[in-house]
Amino acid sequence: MDLDFTPGEDAFRAEARAWLAAHVPSTPLPSLETAEGFAAHRAWERELAGARWSVVSWPEEYGGRGASILRWLVFEEEYYAADAPGRVSQNGINLLAPTLFEHGTDEQRARVLPAMASGATIWAQAWSEPDAGSDLAALRSTATRADGGWLLNGQKTWSSRAAFADRAFGLFRSDPAADRPHRGLTYLMFALDAPGVTVRPIGRLDGKPAFAELFLDDVFVPDEDVIGAPGQGWRVAMSTAGNERGLTLRSPGRFLAAADRLTALWQERADPHDTALRDRVADAVIGARAYQLFTFANASRLAEGEDLGAESSLNKVFWSELDIRLHETALDLLGADCELADGADGWAEGYVFSLGGPIYAGTNEIQRDIIAERLLGLPKGRR
Amino acid sequence: MRFLLDAEQTEFVRTLDRLLTAADTPATVRAWSAGDHTPGRALWERLAAAGVFALAVPEEYDGLGPLPVELAAAFVELGRHAAPGPLAETVAVCALLRGAGDRGAAKEWLPRIASGEAVVSLAPAGSYALDADIADAVFHVRSDGPAAAVGLAVADGHGPVRASLDPARRLARPVGGEVFVAGAAARDAMRAAADWAAFATAAQALGVGLALVERTVAYAKERTQFGTAIGGFQAVKHRLADALVGLEFARPLLYGAAVALSPAGGPVDAGREIAAAKVACGEAAYAAARTALQLHGAIGYTAEYDLSLWIGKARALRTAWGTPSSCRARVVSR
Amino acid sequence: MDLDFTPGEDAFRAEARAWLAAHVPSTPLPSLETAEGFAAHRAWERELAGARWSVVSWPEEYGGRGASILRWLVFEEEYYAADAPGRVSQNGINLLAPTLFEHGTDEQRARVLPAMASGATIWAQAWSEPDAGSDLAALRSTATRADGGWLLNGQKTWSSRAAFADRAFGLFRSDPAADRPHRGLTYLMFALDAPGVTVRPIGRLDGKPAFAELFLDDVFVPDEDVIGAPGQGWRVAMSTAGNERGLTLRSPGRFLAAADRLTALWQERADPHDTALRDRVADAVIGARAYQLFTFANASRLAEGEDLGAESSLNKVFWSELDIRLHETALDLLGADCELADGADGWAEGYVFSLGGPIYAGTNEIQRDIIAERLLGLPKGRR
Amino acid sequence: MRFLLDAEQTEFVRTLDRLLTAADTPATVRAWSAGDHTPGRALWERLAAAGVFALAVPEEYDGLGPLPVELAAAFVELGRHAAPGPLAETVAVCALLRGAGDRGAAKEWLPRIASGEAVVSLAPAGSYALDADIADAVFHVRSDGPAAAVGLAVADGHGPVRASLDPARRLARPVGGEVFVAGAAARDAMRAAADWAAFATAAQALGVGLALVERTVAYAKERTQFGTAIGGFQAVKHRLADALVGLEFARPLLYGAAVALSPAGGPVDAGREIAAAKVACGEAAYAAARTALQLHGAIGYTAEYDLSLWIGKARALRTAWGTPSSCRARVVSR
């Protein structure tokens, strides 16, 4: 058992750090939930891709460096420590790409991945529907067979980034007669500017259009944009949930950097005797370190070919609650002025963002059910 | 002892509830947040006509007060409906003018506050005033001029307007203005004003928390997932139960502070009672907001769904006019 | 709305305070969970009763003062502020007596209540059974008709004080054929030294025999010791749950006194800059005050003839959690030595006692179900 | 990097698990609590034979260590089985003797510790030593004599034995004894010893928490109320899930501290890593104890039910060798 990096890994870290120091914009980009900010972040993705930093863990042929999970973690630590811009491509990279690697065709990978890596195509996810949030089996949007492809109809919602993104991916009911609600779903990709697609941006709590509703009216999708076999969408979507997706959804580097910034804020602002705040800052530091080490353990297991399975539910509950507590502590450190939405250092925007953590990617209530049932073996509830 | 609202007070609350419901307050709040204050000013006048602001104004200045119990009851209702504007600040300005010993200023402003004609605001020392951009008078403590000019002033301008996590709250620093009360009298009046502001803010926060629970209960009964109303899930039920426990034990602290502020309040330290009420109401409302957001899921996280009006307000009121830390310090101060 | 006491109430307070100042033992009595301590506490009950302080809210004919709820609260504040001994009679006074006042016969009241008031008879409750804890409808102990009375058989458990008490009261299944599990139960009183009763003391976490198992083997109970009609035991037991029992179970005086002691400990022990502890002490002070004022509001409602109903569930959740937090704070104030079970001022014993709060008298899980269903109107669960 | 136990380490844990299960550890603990140390000493010798104490003793003194990763793994298992005795103190005494620079003392005690022949204990400065009444040697810092006599000593007596909230822990203040290392060397050795004690205590606490969750899960599957296993209630499931999250994120901090204590630990501040592990393991175990007690209900609140062995220990280990407050201070110290 060790926490040692190889000389190669150290060199990789040094290379990333040097490149980031030279290239990270010295003033923050505008919020990526605005048209202007989205464009700026897309340009940054192009810059990252130009130096092959946008998808380090992918094979070289698609724009990556074939980096191990550990190198990816190293890169993420450096990325967040450098206070580099948020990743506007993350939905595609974290959610769609693993599925394409496992279930896509060579043609699909060659066509989709390089453009994803370069930021030329920004992807939005289209999972949820108004009556199918945590309960994806209740999906009602349809894919109907058409000549050479499928026609999509229905409504998707909570589609992150869709206000400005180029394409989307999601599950559609292709066989309404299937014997179980999880069957008869098909995994498809489609363009957000295709005929029949209407995108209605939705403002999150602070009013920024962080997601959108999608209205689909006979949207044609060619067969080449179906991932896996038609009707097998549920299995396709779930099969990558136990791999490193659980690990890559929120990298430890993000929380380590945030805990460092919080510590600096505390050292700058707080009365050192104020143990109430000190204890909360310490808990954020401890939580970030715990998350880093937990991830190192999981990376070690993945490197030996194990699956994470339901353990990614532990992960989700932990980081989402850590993130909120960390930001609440920062706001309390800011004292009476903490209600300012445009406050220094983006803590207020980070706080609003953190509040979504226990909701998306499977609510924490669902995650706790999974932990109780699959890790502890308690009886299934009525869920 | 009878530690309950009487029939008249209960009826007053019902009247306000009807008034605020009829006024489509959510739409008024959204207009206010967007910088259109016309519907908000109209609501303000209706609230004044119902007697809300007169509760903080003495009879000699055309008011009915100060009547802290009725103020608490009214401000719970204002919070329940997420009413916009410098509400707690108005109560505080009344306390300021009652205590500052300047009959001229009192005579100039109090009757117009009671009637709803004037909208006023107040900034804590060195900090932001709510709605400084639209108030007819923004009171503050000047500490920027020569020693002779330090004291209470009505600002003659304000800094840039800044956004709050509650979009209905627009904050700006007041600047300048002629000092009309200086020295210890100014300090004492400002201290009393801040106590009344904390008191009214606590009441608003309690109302915000109650609304969040009410709305979430209604949503949980209707929203189905996995084939059943989510309100039937025990995790949902227990979170809402805990939110209610927090609010129902904050409520008596609020009215305890109201009694302490009453002329017959006796020897109780009103400041300490207010601090206890402020921290309890603020924390209970914030906990209710976290619960409401989590149980609504994504829809609760959107600005266009009305729940957001209360979620942002719960966060802002938690620290306005007394952070939880400063309130706790006061509760155990010797 | 006011918090004023009348001159009569003030005089009552002064009288109670003076008597307590003159009579409360200057050194604490031995723990009432020991034989020696039980006897000492019984003697203290006799002393209280001699001055008519043991049951102030009862009618004078049974040893009380006919005091209003408010005067009872005043007495309790003074009692705990004087650091007077724990009430070994409390099970009888809080649980059995209200039932007798509502459902007992004049003969039962005349026979049972004065001896309860004087401490001559100490009562234990016999509700729970090994397979019927929170779920009282699952009771299996039986009462079988016999000549002039009933024969009890079965097993009761978690019977507080039963290790040393004289008599017990509880529900027994008298009609196993009743159509619903809540029906066919009978409320009975019986002597713990009656033939056929075996009492097996059970140690709580700190080993003290705070409760006992009761094994009942053809225990004869005469008809005069049935409360209410046979078969109506559930209704009899539940009918007083919404009256002041919810209010009297834990009086605010207890928590006000504990918060005062905690504040004194903090002032004596803690670094005043240690805001982490300061905040927790403040929360205990605020919580005790909230509980006092909440109780004043409920007392006002009861005085106007209202019932408390499900609101007593709010009460139970609040005081039980307040009590634990308060004692945890005290232990943390004691620092590294806080694990000492025989530590100064009884904080450790109080902590162990507090841990039972969320469990007995209806677990807090049950209380939260009740709050959600009856106060908030949420759907019934599978409970 | 490979941040996982290897096959040999995992097999070692299994061996200990089997050994402790076969030894009927709960009965041993109860005897120990009641003052009968015979079965406990027998268990101690079996643990020594399995190599547990040798892990803290250098090879030159007939040991295998120090091997912090193996120690952590072993102490998790000792906690899982609620093993009694001055376990963490033994590890700390080994660190003390490794660091104090007194080869004579090291030679006198370390081989006998490794073999299980000697049971030793250690008191934090000015405080109580665990099992001082039965230990063959109780090390402490004397600060009561003339300056020349201040330093590390083996006590020649102890004060009255006091009970802990964990009945298996019996505490007494060591007194007297001849000083064998004085001055800065004594201070430094004691500081290192306290770190190792905190580390071993964290590991024990983690094991205690894991056992509490395991036992409560088993109980919740069997215990029925309202016609169904209580483990099917969502409130029960979620409380256990939260307990598990706390423990599973404390575990990597423990092994992070173990790596930092290893000779190849690199430039990491081991003291800080230990403090983080101590607070996380201690709080997670205590939260697990609260959950276990609540979900068991009355049966969990009784001394005769075995769960009580872990509940009391979780509380005691939370503050032993570093309170949560002192550990948090160290984590953010500059």
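Just so it is clear, A, B, C and D label the chains in written order, and each chain counts residues from 1 on its own.
Everything below uses one rule, namely that a contact is a pair of C-beta atoms (placed from the backbone, for glycine too) under 8 Å apart; a residue touches a chain by one contact, two chains touch by 3 or more.
Since we're looking at a predicted model, the values are computed, not measured.
Asks: A-D or A-B: which has the larger count of contacting C-beta pairs?
Replies: Taking the two pairs in turn, the one with more contacts turns out to be A-D.
Asks: Taking each chain's centre as the mean of its CA atoms, which one is farthest from the centre of chain C?
Replies: A
Asks: Taking each chain's centre as the mean of its CA atoms, how far is chain B from chain D in angstrom?
Replies: 52
Asks: Based only on mean CA positions, could you tell me how far chain A sits from chain B in angstrom?
Replies: Using C-alpha averages as centres, the distance is 39 Å.
Asks: Among the residues of chain C, which are close enough to touch at least two other chains?
Replies: 274-276, 278-279, 365, 368, 382
Asks: Would you please write down the residue numbers of chain D that are in contact with two or more other chains?
Replies: 232-236, 238, 324-325
Asks: Sort out for me which residues of chain D touch chain C in the complex.
Replies: 124, 127-128, 162-167, 169, 171, 224-226, 228, 232-233, 235-236, 293-294, 297-298, 300-304, 308, 311-312, 315-316, 319-320, 323-325
Asks: Of all residues in chain D, which touch chain B in the complex?
Replies: Checking each residue of chain D against chain B gives 233-235, 238.
Asks: In the complex of these two chains, what residues of chain A are touching chain C?
Replies: 271, 273-279, 382
Asks: Mind listing the chain B positions that touch chain C in their complex?
Replies: Those in contact with chain C are residues 1-6, 9, 69, 213, 217, 220-221, 229, 231-234, 236-238, 240-242, 244-245, 248-253, 255-256, 258-259, 262, 264, 266, 276, 279-280, 324-325, 328-329, 331-332, 334.
Asks: Touching chain B in the complex: which residues of chain A?
Replies: Touching chain B from chain A are residues 128, 131, 133-135, 138, 157-158, 202-207, 211, 274, 276, 331-332, 335-342, 348, 351-352, 355-356, 358-360, 363-365, 368, 382-383.
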